[in-house]
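This report concerns only the one structure given below.
Here the chain labels run A, B and C in written order, and each chain numbers its own residues starting at 1.
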């Protein structure tokens, strides 16, 4: 019951503030349409602040995509290793480590991005990386979600019954055949659900991007550039001194609402997929 | 025979490639995570000292300490635990043991799992309006007050950016996870136990209180500890509700300003001077030690107290 | 798979060896390539080609010895039933015939074991190819969560590259041979998990024969099925005998007598007696055999 109240409350508050944002009388140029499709975002600068949300969404997407490109392959392959190749001892040890890692505060990854990834990994590779760049944040977010991807995928793969593997071996499969052609397809729903969950966490991640990605909202796909994500923007507003009823303040509510929508849809999709995967073995 | 044969060497090649790929990925994962730990350890260990733990933040990195955020974390997390654990467990009990299978229940269930995916910063925003501002029913410069400001239990409504608001915010973040893990703990209790109790003539409430709950308790405690360890590390929602980045005293009562360890780390990490990075690393080490302690307790509980429920 | 950890008690040695005492085949080396011309060994039936030869074959799971010095010949293109009480090692024996025990840590074997002349315990044996030549059907039907077509086509696709039409032909042939074609020909792309238990088992048989094996191993294939499906599978086995050598493990003695040409009775890891099925069931030589087939124990 409480949860329903909470959901309703979240939605109510966000709607109230967002509506308030869009109906500010003294900024008639702001409309829902221009919010969702406008490509410039500079609410705090200039005489005519602009409120197109796309640069923020783009920043979030850029960081998330980098994170996903790192975490999904590495996570899945590690999960395959743990489930199909590793001995029992290695598996339990590594799983405990993964469990602990899943609890590391995200500021730690942000710190790592700022003080290690950028100066020692990225900048030696190419001098075009500034102190704040999307790549470092993306990699750090990827490292953050790696334990989730790995742990949940491994659960999904282990849930595939041994009888299927036996059947495949009896037909003359190599381990490659069994793993790639039988086990992974059989566990696919669980793996996809794991990916979705991890990406949802990545999208909602705040501290890493606030520390390492920068504060300049721009519409770009250049990983060496600064970007600002939706979450980082909200941090910026709340850290600052914007007045409680002001435009900038309400804009962060609108951003929060957008963020909430995106993650809600993703979680919903993940739950549906997961339900389907649970039914397959009954 | 129809078709062209696939050579044995090709099969062996694919086989080997897969194994190498998996090993490479695992190695990368382990290496990256080790790099994380090692780099932080290198930066931070030099600054760790007793005075670090017991002094307050200051403008000079060499004199700064984490007493305020440490205590803030303790206060906030205690409040969070006190609220979230009972509410979470009772909601789980209600959902698992008493609620009928209906569309409403499924809706609630779906709700809870959706909520667990919401970014924590959004909870911060909700908490800002609900707890800190109390939906605007009372302006914050003329609060209703309860008790006197000398005691711990001093309360003001609206809460303002205080410890209690922080604790409640974290409770919101942690609640869905608590509920889900408690539900799974309850589900793991074999139905034969419940049926045996019912057959002896217990009411449903007695079954829950005397049989199911004790059986599920170790798993629930593990879940609670893991939820709390997540709570200790949360920074974003607390930032939103006004956990200040620079606080010079430990909380004195429920209305005090506060900061928590992750926020302090955030603050110091964001400074350009390298010295601040050093103490940020040291603070991270403290945070990690706390995290490890929590996890170890959870693992120990899981191993020792979890007697098998079926022989 | 079944864990055949037998207690260490030894029974008194069987007083008759399973085949004529003049057999010279007691080579103990692991790579004893049995000559297929062992016509002098008393075969289980009229002298046909021998498909499987076992000489002094023993098997262990870690420290437990599960099979003791088995000497057995199995003739080609016949059905041989392995019977015996639970835990006597018959499933283990079956799994050694296609080296499935390789997937179990701690499983090892010594002695002579050969299939049409190829030594199965040889370290250099291509196990993948062996498993192509030997098909296996399991106790509980285990179709892959794929379409019916993809299930049957899975095996062939592992070993050869086919054109689409060739593959469709192969799938149809296999489904016809396992008496499933008429029931599924209109829904080849639907999921195999939607079939009934008996149909799934026939699908597994089709899947196994699609790779064109010489030998079919069946581990209690009907024990999870209802009587009607059991009957249809038994009929299928009788038909398949014309093309394949079949070794079937079964708990059900009536099934063994219905379906098989020859039977081997195992007890606590030892081969007690073998012979043509009708002889074994009506006039067994061994006391223990007689006790088992008449239901005095088991």
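Criterion: a contact is a pair of C-beta atoms (placed from the backbone, for glycine too) under 8 Å apart; a residue touches a chain by one contact, two chains touch by 3 or more.
Just so you know, these numbers come straight off a predicted model, no measurement behind them.
> Compared with chain B, which chain's mean CA position is the farthest off?
For chain B, the chain whose C-alpha mean is farthest off is C.
> Give the chain pair, either A-C or B-C, that is connected by more C-beta contacts.
A-C
> Can you compute the centre-to-centre distance for chain A and chain B, using the mean CA position of each chain? Integer Å is fine.
Taking the average C-alpha coordinate of chain A and of chain B, the gap between them is 18 Å.
> Can you check how far apart chain B and chain C are, centre to centre, with Cα atoms defining each centre and the answer in Å?
Between these chains, centre-to-centre, one finds 55 Å.
> Can you work out the whole-Å distance between the CA centroids of chain A and chain C?
52
> Could you list the positions in chain B whose residues touch two or more of the other chains?
If we look for residues of chain B contacting two or more partner chains, we find 11.
> Multi-chain contacts in chain C: which residues touch at least two other chains?
Residues 128-129, 158-159.
> Please list all residues of chain A that touch 2 or more other chains.
Each of 174, 177 in chain A touches at least two other chains.
> Touching residues of chain A toward chain C in the complex: what are they?
161, 163-174, 177, 181-182, 185-186, 280
> Tell me, which parts of chain A touch chain B in their complex?
Against chain B, the touching part of chain A is residues 1-4, 6-7, 9-10, 13-14, 17, 73-78, 80-82, 84-85, 94, 96-97, 99-101, 103-112, 114-116, 143, 146, 150, 174-177, 179-180, 197, 200-201, 203-207, 210-211, 231, 234-235, 238-239, 252-253, 256, 259-260, 263-264, 266-268, 270-271.
> State the interface residues of chain C toward chain A in the complex, per the touch definition above.
1, 98, 100, 103, 128-132, 134-136, 138, 140, 142-146, 154-155, 158-159, 193, 204, 207-208, 211
> Could you list, by residue number, the parts of chain B that touch chain A in their complex?
So the residues of chain B touching chain A come out as 11-12, 14-15, 17-19, 21-26, 28-29, 32-33, 35-36, 39-40, 43, 87, 91, 107-108, 110-126, 129-130, 172, 175-176, 179, 226, 229-230, 232-236, 239-240, 242, 245, 262, 265-266, 269-270, 277, 280-281, 284, 287-288, 291-292, 294-295, 299.
> Give every residue of chain B touching chain C within the complex, in rising order.
It comes out as residues 1-6, 8, 11.
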